[in-house]
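Consider the two complexes below, in which subunit A is the common component and subunit B and subunit C are the respective partners.
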Partner chain A sequence: MAEIPANDYLIGPRVKSAMSRDDIIMRAGVVLFIGFLAVAVALPLWSLLSKSFENRGEFVGLANYIRYFSTPALFASVWNSFYVAVITTAIVLPLAFVYAYALTRSDMRWKGLFQALALIPILAPSLLPAISLIYLFGNQGFLKTWIPGGTIYGPIGITIAQVFYCFPHALMILVTALSMADSRLYEAADALGASKRRIFFTVTLPGAKYGLFSAAFVIFTLVITDFGIAKVIGGRFNVLATDIYKQVIGQQNFEMGAVVGMVLLVPAVLAFFADRIVQRRQVALLSARAVPLIPKPEPKRDWALFAFCTVVGGLIFGILAVAAWGSLISFWPYNLSLTLKNYEFNNFDTNGWGAYGNSVQMAAWTAVIGTSIIFVGAYLLEKTRGFALGRGLAQFIAMLPLAVPGLVIGLGYIFFFNARGNPLGFLYATIGILVLNSIAHFYTVSHLTATTALKQLDTEFEAVSASLKVPLLRTFWKVTVPVCLPAILDISIYMFVNAMTTVSAVIFLYSTDTKLASVAVVNMEESGFTAAAAAMAMMIVFTSAGVKIAHVLLTRGLDKRTQAWRRR
Partner chain B sequence: MTNTTTGPGSAAPYLKIEHLSKLFGSFAALKDVSLTIYPGEFVCFLGPSGCGKTTLLRAIAGLDVQTTGKIEQGGRDISRLPPSERDFGIVFQSYALFPNLNVTDNVGYGLTSRGMKRADITARVKELLDLVGLPDSGAKYPAQLSGGQQQRVALARALATSPGLLLLDEPLSALDARVRVRLRHEIRSVQRRLGLTTVMVTHDQEEALTMADRIVVMNHGVIEQVGSPSEIYRLPATPFVADFVGTMNFLDGLLAGPGRVSFAGLDLTVPTDGLAANSNVRLCIRPEDVAVRNLDASTPNLLPVEIRALDFLGSFCRATLKPTAGKGSEIVADFSINLMRDLNLEVGKRLSIALPADRLRVFAAA
Partner chain C sequence: MDGFLRNRPMIGLFAAAAGVALAVGFAGEASAQQRTRLTVYTALENDQLQPYKQAFENDVKDVEIAWVRDSTGVMTARLLAEKDNPRADVIWGLSASSVVLFEKQGMLAPYTPKGADQIKAVFRDSKNPMVWTGMDAYLSVVCFNTAEAGKTNAPKPVSWEDLTKPAYKNQIVMPNPASSGTGYLTIAAWLQLMGEAKGWQYMDALHQNVAVYTHSGSAPCVQAARGERLMGIGFDMRGASEKSKGAPIDIILPKEGAGWEMEASAIVKGTKNLAAAQKLIDWSVTKQANELYNKHYAIVAHPDSKNIPPNYPANAEQSMVKNDLAWMANERERILAEWTKRYDGKSAPK
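And then the complex of A and B:
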């Protein structure tokens, strides 16, 4: 086709649409939202970054970094963290893959039970498996002799606990990846006479390739950034996460803490971008007309997988059971009679049960406020007409927390909210800062959930309501929220459970009045009250499990009430 | 066909589109489009996928504002207005019914927020549901309705606020053929009853030909032709329109002189205004316009042919004819079953056909 001169059909001035009331409200909303994200995410991270280039308020360039990398004691942690993360990934990935394969591609029985078993660790703070391991293999543990090298404190303990803790996260990703199979591919391979082995290596594995990458990145990041496990069972084995804590809390060396925070940010950010690049390739592979695969019974394979899942699921349950049992024992290992006195937290910690109350309160606020902000924010970004710059900026900041470890964001909060002259300084040492921090820490996954749910709505709802002159706010309330209610519930549960179990983000931010249950676990463990620590960890598990069960029941009730209009 | 209350020639235009262009990045989806629509008209935008029909409709609605150009509705310049300040009802291909609201609430959705009394709303919704033929479905949810029923609910919802302009974007394309044909008539009769100016986007020429007062044929972001269905069909203004609407023979010829085109070794008498002599041209004729009966030696444009193929298509046969003299390209003609029987036509048979001058269109070769 001939090149058309750019302008011969553009006649007259450019038309700029006037803004309606809805447009003004939405844009104002986006501006407020950017303000929120700036305070909750961007500015604290900025404070952290600038702090790492300062010394007592003076800009010192790279001096802190040079000192960090020339101090072998500090630098060794980089290698330690990396080493543990790689080993954990290498162990979890195949285990989770086979487990996910069993759940999605076999006709094994009791799939629901196995799925539930495998997800238990999500309900527990990462400290819990570490405590269980101490019971079993610690200095007083009756299986102590099983450990090569004689001590569980160190890389072995960290790795085992991390495997427990990371397993469900990897499993969820792999289950999703494996359930997106296209049965037509398998039928074709079968028709071509390919062997089972060959089909596995030429169809199944490549199909799950992106899921495997994603799972590997997630495990790696979780291990590198987790604080609780290394703190409890790391012994003298230093990792990045514990270094930050020691620098900041132990030595009050905030600048060096900031440097370690920045170093910790590197692998997490790299994993984040690597994952994005890999996932972008995947889109082209997915065919819209895929036919879901329904596994056929195959007794030999199914029973083998059943045995595998029993062992893995049993171990997961076992670790939880050890903590539960330990929390009920009078005096390990001398008096094994059962008692509830370990739950009388007032005897072990100044905050006692108060810490638990704080946690529940904090998690509830995080769920309520966080879900509202996240959903409204995602709605604003999806539905605002024009204002691409503002929306893009907000979208970018909303994605950041996924790449930022909890410790790093927590440290950023200290610097930002503690800074002299910050009008938001009043939040410091209140439950408010813990809520804000938890919302920020777990922002991205929830934001993506909300965005996905919103994208599934007909894009013309807003156009229809504009043509009917109905304010957008009304359509939001009458249509968008009710239709997205399942996703909204999912988000609030996710926020609650994570806020309940998190240690790393809040360890820097609690005050004597606002100590949280997970922090109390760390403190009591440190003071030698392992049974009380186990008891408090179990309280966290009971609470998240209770909320989770309530969620399942609520969702079921909702389904029943709305089945008239919900298509499944 | 000429309806005095609609179409050009009646009172003031209702919708005036002037020099409209729309860029998506550097891609021009609309290029200098101008169009006038009169009150009460039913206008179809017809064209192949991606030609800019939806873009033009959305510009009229204010959903995707044009890059340059002006739109007036009822004498008011609406170019810059957001959708909520324009006056239109719209039905989308997806219907966009609110899944969590029942039919009554969907239809009454635009009424509740304008301070109408509850009783009035109920009455209005009932009236609308009667109008679209769903008097008893008020309590159902969209998921419990068939596609055709959903489509009617969407129509009722768009009509509820009595807009001055109705916009329909491929409202029937998601339905199966039978329902589609029935709904064509229903939409048209509702529109006539309300005297509502309506613009419908479609890529289905049959739909456009049966429903529209006027058809706007579009291609690559420009308007190729605007006219009544019979004008569009009988007198296509461009080869694109000739090709896109209905079936058309394209015969390559050479302009021998004013009013004369040589094809297959013959000189045909043809209207050739404005074409340069000695240039290559394309002759167009519809299969049903090829004449066979009542021909004699004096009939103009007589052409001896041989039947190469016959395809039985129910009420008629589509014949592929090859001119016996010269190197003329094949001609497709539709023969009634009656004619087939009377003339005893079969493959291989030779006969003479005529290409009536008033049915031939000539375009410069591409």
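And then the complex of A and C:
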């Protein structure tokens, strides 16, 4: 299958207006898929958020909102959240852009190593950078004098931790954006005598414009909805996400918590729609006729970028290294002798190593089941003809989880699945609900990845198989899946890694036999076993890194076999 | 199209992963036993769970405990969210104020345990039959880092009043009462001890010295133990356990007296294992159970269990202020609103 006719928009010829058997199967599939999304995402979310219109079970309209908006502390939180999100975005975006540029457009050495370093923050529970930052810049930290204002607790700490946490997310998007370049444009610009600077501003930057937009929105949304970092290192600095925590965990006021949840949705939903508009324009930009750009060596630029990546990658590695060291010390900061006893988890937590086993098991299930559902779902939405309403609805629900704090999803799952008479109640308190919850929680990014991969695949396949009377299912299994295998593996890794680190939603859903390592990290930290918490977090990092390395090795072999068609 | 055939190993890998996950799952099931399995929700510390379970199961052979444990706030939110279809059989070791909240919502099944008349009056619910039973009490204390104090020659405080001295500016951490039950019991005690007007005045002055209001009730003593702060307002048990780990802290019971809270147990209404649940509640008031509580807490329900856990401040029981749990529950919303208005809204970026 080396030669594929390049045709972006051809939709299978409509031989007859009546629906074919395949059409019926596809539409039935879309309906089933909507059913899944309703159960996993929409209904649980609604069962919590609808409480914002209630008071002790009675419908009160907007009364809670009025009460909430007349509280002066609110404006501080809205402003603070916005402030931190904007600053984080302003820092991460240029850093990630240059880093992504170095990875895709230069002939720098050790690209693989730098790519791996940049992924570290995704592999670690968010408590890990917070612990590192306290060891480094806290009041007992080695480098505390470096911090302007003298304290890490507050907006500075939140921003540093968020930059660390958001960097890989932005980088993934920007690498994708920058790696899709048409070398014909550059050849033309070069032939016309344009300067390097001019080429950068007129060809490179506009080409990556949409990637930059999506990256900015993803960072903004992540910062707005994350409460873990603000909780540990935020000090007196209130943000919207900690307001939810206060209402729900501190005061068990679900109604007001739901109000804050709704407020949190506003910027995230706005960002989502803006992102969709921008994304929609992007599709037209990339043509299948594009010739991939292969960067030529250019020592001055390459070494400058190498230096930049060394600094950024080094900082990321440094934060991890501090946490690794922190997991080995006896009692910070008064007894710095090294010990392995922090890894004897059974001394700190009744579930001990069992929690680690549960996490691996849960993450494996999430990767296997989640990837299947997500990929098949994206396929149905991409390849079904007509039925715009159903597809649009599914598309919208698939976008919601990114915009919702995990705490809202977790409580929503209790209200929905534990309701009397819910036939799915048997899932409650099993590992099944943790798997379903993790699939739902991390749905959006995986769905976008699957969709991107499917968009690259020519629609002619379906048209050809229809005219050859090959059942769609066969085409799916024999063509679509093998060709999209790299993306499928990416998604499964993403699901696995996130399921290993997630806390905010599952903390409400685990039971006696299904306690997770990520929850144990939080519990141990809270009980003052900081070193043991760091140790368990390191186990999560090692596991995820191991899976990631296996993935890289596998992809290398697979790329040669299944991806030959991409090259010319 | 033969690419698919060559990809068989990949599919095999997925299948293998699924198989491993399944096998692990079933292995877990196989060890299930014939005893009645009680689901017990708790906020007890992790290291207490195993000894409590072992001792109980030794005495009551036909009942098995399955713990679900998290922090007080998370467990309380979870129990309330599950209200319409309860999953817990018994609550054992959750703060009394949470348990009183459940009682108000009609979530508990009253039961007076055998031997309830043996325990101190303050640990007994006044209703008949009792809805909940107290187990042990914890006090709000000051964890004071002596190593850090030595560096700056900071004097050791002996009273709540001392904490407002200018020398401690930005040196104190305490829990945010809107996030943490420990925080609320602390300020509720001040308001009861000093009276409303004086109490708020005191907190105004204290606010000048507070560096951070934490979201967790454990964090202040842990931070003091790590030298992150000179002192933290926390609770006695956390301070003692930090000290036992080697932290250079003193646990100070302020001389005016200290706020306190109980850990309590109760049966969840609608449990399918009522008989077993009652056996657990019966056991929870025995002297043997209290001796276990007494390894971690100085003040326990049973008058004959008088151990002082290592590194505990002496005279804890005498320091307990007169605490009106009902007042605390009824006034909570108003006090938190006032507190938030005064101190939480001000936390703008510097």
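Everything that follows uses one rule, which is that the second predicted complex is superposed on the first by the 391 of 568 C-alpha atoms of A that agree within 3 Å, B and C clash if a C-alpha of one lies under 4 Å from a C-alpha of the other, contacts with A are read in each partner's own complex, and residues count from 1 in each chain.
In the analysis below, a residue touches a chain if its C-beta (ideal position, glycine included) is under 8 Å from a C-beta of that chain, and two chains touch if they have at least 3 such contacts.
Because the structure is a prediction, the values reported are computed rather than measured.
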**Asked** Of the two partner chains, subunit B (first) and subunit C (second), which one does A:S467 touch, if any: first, second, both, or neither?
**Response** first
**Request:** Figure out whether A:V479 sits in contact with subunit B (first) or subunit C (second), or with both, or with neither.
**Result:** both
**subunit A: partner with more touched residues, subunit B or subunit C** = C
**Request:** May I ask you to decide whether A:R420 touches subunit B, subunit C, both, or neither, giving the answer as first, second, both or neither?
**Result:** second
**Item:** Which of subunit B and subunit C A:D22 touches, first, second, both or neither
**Value:** first
**Fill in**
subunit A residues where the subunit B and subunit C footprints coincide 478-479, 482-483, 562
**Asked** Quick one: in the complex, what on subunit C touches subunit A?
**Response** 1, 3-4, 6-7, 10, 14, 17-18, 20-21, 24-25, 28, 39, 45-47, 49-50, 66-71, 73-74, 76-78, 80-82, 84-85, 87, 101, 147, 176-180, 211-213, 215-216, 218-219, 221-222, 225-229, 238, 241-242, 245-248, 332-333, 336, 340-341, 344-345, 347-350
**Request:** Would you pull the subunit B residues touching subunit A in the complex into a rising list?
**Result:** 19, 21, 23, 26, 28, 31-32, 61-63, 65-70, 79-86, 88-90, 92, 94, 96, 98-102, 109-110, 113-114, 141-144, 157-158, 160-161, 163
**Asked** What residues of subunit A sit close enough to touch subunit C in their complex?
**Response** 1, 71-73, 76, 80, 83, 134, 138-140, 149, 151, 153-155, 231, 235-238, 242, 245-246, 248-252, 254, 330-335, 347-350, 357, 361, 364-365, 367-368, 411, 414-415, 418-420, 425, 428-429, 431, 477-479, 481-483, 485, 507-508, 510-513, 519, 523-524, 526-528, 530, 554, 558, 561-562
**Message:** Considering only the defined contacts, which subunit A positions touch subunit B in the complex?
**Reply:** 4, 6, 8-23, 385, 458, 460-461, 463-471, 474, 478-479, 482-483, 562, 564-567
